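Chain IDs A, B, C, D, E and F follow the sequence of writing; residue 1 opens each chain.
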Amino acid sequence: MTELGIVRRRIERADAQAVQRLSHFGVATIHEAMGRVGLLKPYMRPAFGGARLCGTAVTVLLQPGDNWMLHVAAEQLREGDIVVAACTTDCDDGFFGDLLATSFRARGGKGLVIDGGVRDVKDLAAMNFPVFSRAIGARGTVKATLGSVNVPVVCAGGLVNPGDVVIADDDGVVIVPAALAAATAEASRQREDNETGKRQRLAAGELGLDMYAMREPLARAGLRYID
Amino acid sequence: MTELGIVRRRIERADAQAVQRLSHFGVATIHEAMGRVGLLKPYMRPAFGGARLCGTAVTVLLQPGDNWMLHVAAEQLREGDIVVAACTTDCDDGFFGDLLATSFRARGGKGLVIDGGVRDVKDLAAMNFPVFSRAIGARGTVKATLGSVNVPVVCAGGLVNPGDVVIADDDGVVIVPAALAAATAEASRQREDNETGKRQRLAAGELGLDMYAMREPLARAGLRYID
Amino acid sequence: MTELGIVRRRIERADAQAVQRLSHFGVATIHEAMGRVGLLKPYMRPAFGGARLCGTAVTVLLQPGDNWMLHVAAEQLREGDIVVAACTTDCDDGFFGDLLATSFRARGGKGLVIDGGVRDVKDLAAMNFPVFSRAIGARGTVKATLGSVNVPVVCAGGLVNPGDVVIADDDGVVIVPAALAAATAEASRQREDNETGKRQRLAAGELGLDMYAMREPLARAGLRYID
Amino acid sequence: MTELGIVRRRIERADAQAVQRLSHFGVATIHEAMGRVGLLKPYMRPAFGGARLCGTAVTVLLQPGDNWMLHVAAEQLREGDIVVAACTTDCDDGFFGDLLATSFRARGGKGLVIDGGVRDVKDLAAMNFPVFSRAIGARGTVKATLGSVNVPVVCAGGLVNPGDVVIADDDGVVIVPAALAAATAEASRQREDNETGKRQRLAAGELGLDMYAMREPLARAGLRYID
Amino acid sequence: MTELGIVRRRIERADAQAVQRLSHFGVATIHEAMGRVGLLKPYMRPAFGGARLCGTAVTVLLQPGDNWMLHVAAEQLREGDIVVAACTTDCDDGFFGDLLATSFRARGGKGLVIDGGVRDVKDLAAMNFPVFSRAIGARGTVKATLGSVNVPVVCAGGLVNPGDVVIADDDGVVIVPAALAAATAEASRQREDNETGKRQRLAAGELGLDMYAMREPLARAGLRYID
Amino acid sequence: MTELGIVRRRIERADAQAVQRLSHFGVATIHEAMGRVGLLKPYMRPAFGGARLCGTAVTVLLQPGDNWMLHVAAEQLREGDIVVAACTTDCDDGFFGDLLATSFRARGGKGLVIDGGVRDVKDLAAMNFPVFSRAIGARGTVKATLGSVNVPVVCAGGLVNPGDVVIADDDGVVIVPAALAAATAEASRQREDNETGKRQRLAAGELGLDMYAMREPLARAGLRYID
């Protein structure tokens, strides 16, 4: 359960090979392969164009206007981790900037997903440190109130457990539970293979109506064509 | 009237020459030339930078979380058409991605304007298939409930009839009724010619206050200058 | 006090040297150097990528859907001024486009910060005329109702007096009162010098926990580590 | 088509008997009876508790911050009319208060549906003059720019033609095209009769699963029960 | 983990006595007693004034515009349960009305907490069936796509497991994990006892500054008094 | 200028007689009498029905999620004061509840206007302690970071100086600068007298078109009547 004032040091990270395999697929594909669950809300956007992330979650629960726990999280990072930060209340302040990005990177961190604001976005782009956030906000934060690190958090409407796989691209952010990483990677590959064939048929002018055999169910549902 | 479960096959498209002439003007110019009506709400934004559209509307009414009707619409497309999709309720799901874009293009479709979400935006940008939407959302949709194709729809606050001209650029989206296409193109040209002269005078330092003869009406309205 | 129907011709602009010195720093740095006050709300965003501004404010109070006062403001501009426009009510209409940008530039104006909408954004980008706004809106405005020029205004949640320094970049917009310009520039320089050293230490893997001596206060606040 | 600067004096109002019959049904019932079309967006709320409306639409297109056309509309009212006001752009100003309510009532007007703000809500409640609006806003408006009266308008996402039937209650606002008024009243009655029986069976503990025969389609869709 | 297409029949409900004890306390008190976690987002509001709830959660995951799973949930209700419904995407449609309320009540259900819209609010008030929702929306829903019942859900930003205690009043909605119900009831009682004494001292004119001994920490933090 | 960490003990309150006279008028009337300035944004709503306020402002600047300064403000209250609280960033947390209301009342405070959240709304209604806020939020706050008391603040888009008159009712909140209190009371009285006559004429069926002599300016603006 979520509790304030706790740092969990040992977490079970998703299998590294599965993470590596998931890194080849887009967020939309993985979401479908998961059975249409696991997406964060669409207000989560990349702080700069072309950002893309795949790694394991170190979770953080922040208090509004307070980034103390991001410093605590830095110590818990391992190579390939992504910090996933939730906040106890909606807040667009700039919890994170280029100094913390420098620190995270030095400790193995690959990026940040934060249900809050970030700043120094020009520097983050120059560093090519991917960040997905709800806002860009120049207002800095204090270090006064405890949150937690590596507890389950609800970030942008999605449940994230420490060690889960986080994938983010231009389409949004999706969370794959650690235990499902390998199966989801496989399902994603199958889905993508399947889409390649469809794409060619559609490009040749075949209609989805025929390719997916929709005409009969549409008629049964009562669709009427009028000239 | 708007009704669910209908596909109208024959629509009256705006005159092709008028559409061609309208394609030279920006959304802001056309909106002014129309007498300041016809704009969709400003939350409609291009899914990728530099997108621009001008064509004739094939309209679609979607149900939330359901993109069945976009497949139905694909069959109704002709060269130069733009799909304009409304939804019976606000929904940011990703109704549209690169597969449908491939299908639309193969059938002559030039782009999409949708009061909903889209996904695969990186692919859409790579295809250079222009899309204007209310959101980017990775969550896919089902195919279970009937909407309609080629009925009048209210999309992002604007009424769109099948066959109307749709123009979209960085400033937003404007709809020109088919019957007004030629007159609006002409009015747009006059407006743009007129602006060229104004631009030169303003660049030379002349004030709008003088160029538009505003000093007298401002004084009459009671404007006071204080030193 | 804010009053409608007034144009103040003589305003006290911030010291030019101080403005010049402030132009070297980012919005986040200056906000911190000011003691964490002076930011406009984070919904204020650049109309095109890479925009950046530093100059002295000529303030404008607009009425919704009416840009008359922007023409009045053009006459009050001096070299290095930035127009800061508030509106008596929230409005996303396009109060400003490339013609007014041409006029402002010809009179010495360097950019615009507006709690409203703007249009012709492609042209503004081509002109490289920086604009920060709450929205992009193609809908033009009328010239019918008086506002004011060079009165104190509340723009996007921040108080702006004529002559104040306005700094805007990818992180947002900050206002420095004219009387504090020199001191703030100095404080910003100190802060930036200070950050350079920190950045190097963090890049070398030192933790913020140690660099900022946070371990003891965290323990005192009750933070518990669990294995 | 929507055009600015026009007042249509003669409009075709829905049949009075049909309006009378529709007045017995709630918005949710009528919406279903219409085939699930015709609702305005759910942000339209009553300005005071218990408000309820049923009548024929006199439509108004307003400019932001300007209520001139509401005065023009007053002259076009007949007994039983409801003013339906759209605005060319989103605006929460108080376009309407107790003076206009007094005037509307004196001319036969029964209420107001406005995609904008209203004020004097305490007085409106005391007068029991029903108003449904997007906002409550104390800021008054000017009388400077032309809109139109009795043209088709898009109000809160719904198309409204002059003479259409407007029904509003705690659940929202629905528009019934004049030509469909009688048929919709009849369909509403049938639907309500039908619901009475269902209500009794559900109250007795029968499940919707059984009453609507959902178990088989749920199983076919793949629903799994786990103990 | 959240999965679609599943109904869990056996759930572990919180201890009935603990639920009974929690029913005496307000949401704000319980949230504090829990250590400041467990609240749903503040956009969740009662559909009618004075509504109040305390019971055990039967959870539902809905699809947008589809209330099929609410019928499935009805069968799983026991005396004292509250349905907590999340949706896979934001949707303000009216998923729930007086017929479902009748059914829920007949099966022992005490109320509804739904991250979506509801309708028939006048009837719900007349029935005194408490509902807390994100919106009121007259638009009905279809029965076409599977969600789940009694899986963990994220509702309005909070994680809810089946069997958790749900408390809702004018201040909002809080979730108490089943295992913490008794301890939270006890902590709430202590907190409330403690507040009674404070209230009397404050009513007598004592300042919080003195009662909470804040003067010294304020001075240490640097607060300056100016005459 | 706004600065953090300051409490101003001596403030110049508006003349008590003028405040008393202003208490007879509604917010909409006073806003008009002020020349259409001084309103806070319309998202400021009463926490319970029928609330109404008129008094002198003690201003507070809060940090997000932190209500320390409200306790500091309590000591500065005199009979007839209203606390006006702004926050350095948007935050819907419950900064204020029945304990602080008890304290404020004991010190002479009449109510609260806060650009943030409040809780214990049922208790506040029972106490009849008027509160106008941007939100209702059960989440409590900490006491860790300094703001200020009796500095100028921007609250909900309006500038408020300590000692200004605050008037709030169902229509919203308006601020009258202390120096303008007497003149605004007089202008309000004249406006209200004037409206009484108008109301009677409108009730008798006279049109605003005639009473305000609008027909000629409408025709001049180009309004066309069509039969």
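For the reader, a short list of remarks on this structure follows.
As a convention for this text, a contact is a pair of C-beta atoms (placed from the backbone, for glycine too) under 8 Å apart; a residue touches a chain by one contact, two chains touch by 3 or more.
What you see is a predicted model; the values in this text were computed from it and never measured.
Common neighbours of subunit B and subunit F (chains touching each): A, C, D, E.
Path length between subunit A and subunit F in the chain contact graph, taken as the least number of steps between touching chains: 1. Set side by side, the interfaces A-B and C-D show unequal numbers of C-beta pairs in contact, with more at A-B. At the interface between subunit D and subunit E, under half of the residue numbers appear on both sides, which makes the contact a different-residue one.
Rounded to whole angstrom, the centroid-to-centroid distance between subunit A and subunit E, based on C-alpha atoms, equals 27 Å. One simple way to say how far apart two chains are is to compare their mean CA positions; for subunit E and subunit F this gives 31 Å.
Computed centre separation for the pair subunit B/subunit E is 42 angstrom, with centres defined by C-alpha atoms. Those residues of subunit E in touch with two or more other chains are numbered 36, 88, 90, 92, 137, 139, 145. Chain-to-chain contact here is organised irregularly, matching neither a line nor a ring nor a star, and falling short of all pairs touching.
Screening every pair of chains for touch gives A-B, A-C, A-E, A-F, B-C, B-D, B-E, C-D, C-F, D-E, D-F, E-F. Across the interface of their complex, subunit E is touched by residues 5-10, 68, 71-72, 74-75, 92, 94, 97-100, 102-103, 105-107, 117, 119-122, 135-140, 143, 145-146 of subunit F. Chain contact summary for the complex, subunit D toward subunit E: residues 26-28, 31-32, 36, 39, 42, 45, 169-172, 174, 195, 198-199, 202-205, 207-209, 212, 214, 217-218, 221-227.
Subunit B makes touch with subunit E in their complex at residues 63-66, 88-93, 137, 139, 142, 144-145. Those residues of subunit D that touch subunit B in the shared complex are 1-4, 35-38, 41, 88, 90, 152, 154, 157-159, 177, 180.
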